[in-house]
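Chains here go by letter, A, B, C and D, matching the order in which they are written, and residues are numbered from 1 within each.
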Amino acid sequence: MKAAIIGGTGYSSVELVRLLHQHPFVDVTTIISNSQAGSMLHETYPHVTCVVEQTLQSLDLNKLSQSVEIVFLATPSGVSKSIVPGLMENGVKCIDLSGDFRLRSAQSYEEWYKHTAADERYLAKATYGLSEIYEEQIKSATLIANPGCYPTATLLGLMPVIKNKLIDNKTIIIDAKSGVSGAGRSVSMGTHFAEVNENLKAYKIGAHQHIPEIEQTLQNETGQSQAITFTTHLVPMTRGIMCTMHANLSDVITTSDVLQLYNEFYQAHHFVRVRPEGTFPSTKEVLGSNFCDIGLHVDARTGRLTIISVIDNLVKGASGQAIQNLNLLNGWDVRTGLLEVPVYP
Amino acid sequence: MKAAIIGGTGYSSVELVRLLHQHPFVDVTTIISNSQAGSMLHETYPHVTCVVEQTLQSLDLNKLSQSVEIVFLATPSGVSKSIVPGLMENGVKCIDLSGDFRLRSAQSYEEWYKHTAADERYLAKATYGLSEIYEEQIKSATLIANPGCYPTATLLGLMPVIKNKLIDNKTIIIDAKSGVSGAGRSVSMGTHFAEVNENLKAYKIGAHQHIPEIEQTLQNETGQSQAITFTTHLVPMTRGIMCTMHANLSDVITTSDVLQLYNEFYQAHHFVRVRPEGTFPSTKEVLGSNFCDIGLHVDARTGRLTIISVIDNLVKGASGQAIQNLNLLNGWDVRTGLLEVPVYP
Amino acid sequence: MKAAIIGGTGYSSVELVRLLHQHPFVDVTTIISNSQAGSMLHETYPHVTCVVEQTLQSLDLNKLSQSVEIVFLATPSGVSKSIVPGLMENGVKCIDLSGDFRLRSAQSYEEWYKHTAADERYLAKATYGLSEIYEEQIKSATLIANPGCYPTATLLGLMPVIKNKLIDNKTIIIDAKSGVSGAGRSVSMGTHFAEVNENLKAYKIGAHQHIPEIEQTLQNETGQSQAITFTTHLVPMTRGIMCTMHANLSDVITTSDVLQLYNEFYQAHHFVRVRPEGTFPSTKEVLGSNFCDIGLHVDARTGRLTIISVIDNLVKGASGQAIQNLNLLNGWDVRTGLLEVPVYP
Amino acid sequence: MKAAIIGGTGYSSVELVRLLHQHPFVDVTTIISNSQAGSMLHETYPHVTCVVEQTLQSLDLNKLSQSVEIVFLATPSGVSKSIVPGLMENGVKCIDLSGDFRLRSAQSYEEWYKHTAADERYLAKATYGLSEIYEEQIKSATLIANPGCYPTATLLGLMPVIKNKLIDNKTIIIDAKSGVSGAGRSVSMGTHFAEVNENLKAYKIGAHQHIPEIEQTLQNETGQSQAITFTTHLVPMTRGIMCTMHANLSDVITTSDVLQLYNEFYQAHHFVRVRPEGTFPSTKEVLGSNFCDIGLHVDARTGRLTIISVIDNLVKGASGQAIQNLNLLNGWDVRTGLLEVPVYP
């Protein structure tokens, strides 16, 4: 299958290049980067020298539609909404890694993203690509809105207790932490090494655009609208997201019982690993891989459940999950091209 | 004033050496380290070469009692409880940086620390040295239990809303993050660079020994016993603690109003800096200094208050606050020897 | 092909596990760790959970000899010399990642390693496994002494000018820098995060055990014994080695001409990538991969050549090169199982 | 004494603010930043909140000349050359932390800096402020060209053997490594955290503008022009420079004898600390302080001397040495305001 990547010099894009290089059924024939068109990918990213020898191209919708079957859009928010319609009209399936098609409500998008939203007809066609949860819908999708990095870690961590109505949804508090690659490759004072190194910073408090994405999915599952507290932090590391999630339990239940529920829930899902009682995952234990690892603890003193979930923000939080969705879309084994063991240490 | 430091090769101890070197009224005449007695401090810590040329000594209680007026104990938990009584009987004042005298209840100490507690007569004599809050008590103390690093950041962050009854105490959830120096200088797999670098890890979930210390102080202030959720994380940096604290507000109130309350509460306190609305402190902005910086946000969508507080765990979270307490004890300006500007970047 | 790994809980060993998991012709059936025998590998390394579900075993030479065809020894120096003879007598081929069989001279080994050397009969049987240079010898080896991390980066960087007699060998000065994983997983003050982070340290100056390994190979090629200056530094990162190498040129020659020579020399070698004039590789550009990237510069002002080579110390500097050697040994494509793109950023 | 700082939002500038805050005889009354004029310094650098409450001002030469006695210029290269003449004409002494007045030869400046050089009359008036070496000249200077960070570490490391003619100057090879703050605060891909973290990079090979500065001083001392090999690397840390220097010894001499020479040479100089035989300084051991620490080793096998020197690039390599020079200029104890113990760990 021939594939194209749009947004060729961002981190998610080059991560797609890395992962698809190992995919037996996909050939990345076109990498689009309007800003670097005409140069080789390895001029921007020397690490692909001798491995991926491609010239970056500028976007030509017609040519692209005729030459590939699938397009990954790894563009900044506000870009893919103008590209996707043209591709879909020509019968090309799209997997959008940006936030443009994740929120059903155009109004909510405009409120949180401060951009004009995509056309509502296309918003309605988009399938939310949280692979483990919406497997069936993804299989028949034409446009996949690949989830955000934070929502992936959060929703995989919460889904078993949400679906089993084990917690009081009004009490959900999420403390989220991310490595710096989540901010993308654009230069800014906020990503300057000397400002980030040996530093921990909270940002976008109460204002992160992933909040409505999480709330929308929770509402889908519970039928109720419920605001959550979601606080984001920048950690001095390159890759990795950890979400530490707290909620009041509806019933008295032990850690062991909740773990059993999680193990059953994710039994058939290769990429979610539930850790044994008393142990918790750290971000590096999934680095470079498509795993989401989960640990949890019931605190009898407070009646609260604390869930820890970790992912590599560029893999399960972006490009890896996009490939997982491509596998679902094509009826391939979901693990195809994603068998890498985490790089540790 | 002649001072001694016991526990001479730990990080808090060498930080006392650094800070007291700039104190005009204190002379560190004795540094005790049973394990390294006979060697020079700069053999363990070459950075003090030519600055502090002292030989480490083994502990001799009688000699020590006669030669100094104040002793800082920067020992692992379970050690100072055997040393402090002998010093106090000889009229030497003690500032204990370990956890041995922080909890009033011997039973609680033994439950959380898994050691035998100190003699209850001495527990009763200890003054909890949270400088800004217990200023008056500290001035007349003979034994100061210097607060833990996490409790310092947490309690300074919460105290204004606790004292003003602005939050529902049953809903307090604290997400705490620390640099690696908080684990001390002992070698272990958990502090190995290759295991910690580019990694974020949660630890001691629901089991950290600073939980009862925080709860005891909250109970002092509210008159009610209330369990809190307190989750600790290890961040790939050397120094710094951030506590992200969440609670339901009792009333409808704006961020601006809560900030005004904090500004008034800490107006007379040099070392607590309240940040303007919309801004939040990062850990590096206090590195090397005795400041505790606080930012906060009221989320109208959830009715919750989120407070961010940061300290340098080795300064305000240990040695700096110990010196601040020494200043209070002696009626000196609380800033004496602690005027350093944070080291940034 | 069935393979065993001895030294199961070190970093090189778990890196072998990661890489061999992707090798189509090799099955790691036995992982030996005397210290952790009986426990699962994922108890020590949670990142392999659900991927490699093996119980660590204690060493039983007879059983091992009957069950596998190849053994990787990833043991501390001084261990494999006692294990290899027994395996070889039973017809099992060995790839030793330690230094035990690298030096032909037992006396030199004892001088630099401060251990008793291996039996000279086995030293004589060992083939030095610098894959690109000794390809032919490796193909028919029975015992491969896998090169050290520093010698790999150094020798690949120097070999084209050594073989072409372009430099004055008496003037070779090598400034080598390594990430902390090179020190292994044992805990020590020298690998404590708070001591290494935000710190750069020189160590073992004039005394590193890789010096005689480099000199022996240079002597092989030049026929002359020549002492080199080789200075090692510990860099605050986990993976990566950079060698910055200086030597006086024998003739007047341009950067461009030297680069052409390197390109020709390594043309048939997939894993050595020579960078274009004016560009130099950084360590992260090979992270997780088996590449050795090289850049160089002729300084007309001084008549000196400066060569920069980088590798991932755990891959090309250890486990990756071991697998490359296994491929050579079996007549497989040298890239088998080693096609991973570097993990960047 | 009233002082001004020009270049108010760079790292050297805010480091001057930090250090001068502790200087008993100097009052920073004016901080100039054309780009941020009108805003408070703490808006750019929140870490000075409540400590330095000054409004940044735009440059008004006349006003400035009348209000201060000394001006520190911490501006990018090419800026101070237009400001200094006006200040000097009005009798204001200048300490320039940029490279504009370091090279005597305008031609050399233009060749290496790619800017127009300063007026030669002012170049002639400049005193090179390498404090320990040119103490006497600095005392009577009117314009001090504060040395570059790399030249400071290099020249302090080499000067004793240069002055004592112990090495063959034609063989000097310097491998220099710097933390990222040396690149300043401007944002660029080269300082993006995700590009620098867990990465080691060589840069400006054979082309660094500090090369002619080092060579000019060596020529001053030896009377001979001699090109050196000087290779710079970017290390994933914020502060710190290490120079590893190699040269052939002219005579047979022991490590111990060379160390004795260094100890004598720097005996009267508080800020240079020579380490005992067999030990070498690491960068963190001087972090935040004005020390330059030196260790060295004679390798009998090669007849070469290896010298390691470390400094904090923002202190001894910039702002600290500037204050040391101010102290010399005023006849104050050279340590005034610079007594800080390094911040370790």
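Operating definition for what follows: contacts are C-beta pairs under 8 Å (C-beta built on N, C-alpha and C of every residue); 3 or more make two chains touch, one makes a residue touch a chain.
From a predicted model like this one, the values you see are computed outputs, not experimental measurements.
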item	value
Chain whose mean Cα position lies farthest from chain C	B
Rounded Å distance between chain A and chain B, as computed from the means of their C-alpha atoms	38
Chain A and chain C: spacing of chain centres that average the CA atoms, whole Å	36
Whole-Å gap separating chain B and chain C, where each centre is the average of the chain's CA atoms	46
Touching two or more other chains - residue numbers and ranges from chain D	11, 179, 181, 194, 197-198, 236-239, 284, 287, 345
Arrangement of touching chains [line / ring / star / complete / other]	complete
Partner chain D, residues of chain B touching it in the complex	11, 14, 17-18, 21-22, 45-52, 181, 197-198, 238-239, 270, 273, 275, 279, 281, 284-289, 293, 339-345
Complex interface listing, chain B residues touching chain A	171, 173, 175, 177, 179, 194-195, 197-203, 205-206, 227-229, 231, 233, 235-240, 242, 244, 246, 280, 282-284, 287, 295, 297, 299, 301-302, 304, 306, 308, 310, 345
List of chain A residues in touch with chain D within their complex	11, 179-181, 185, 187-189, 191-194, 196-198, 236-238
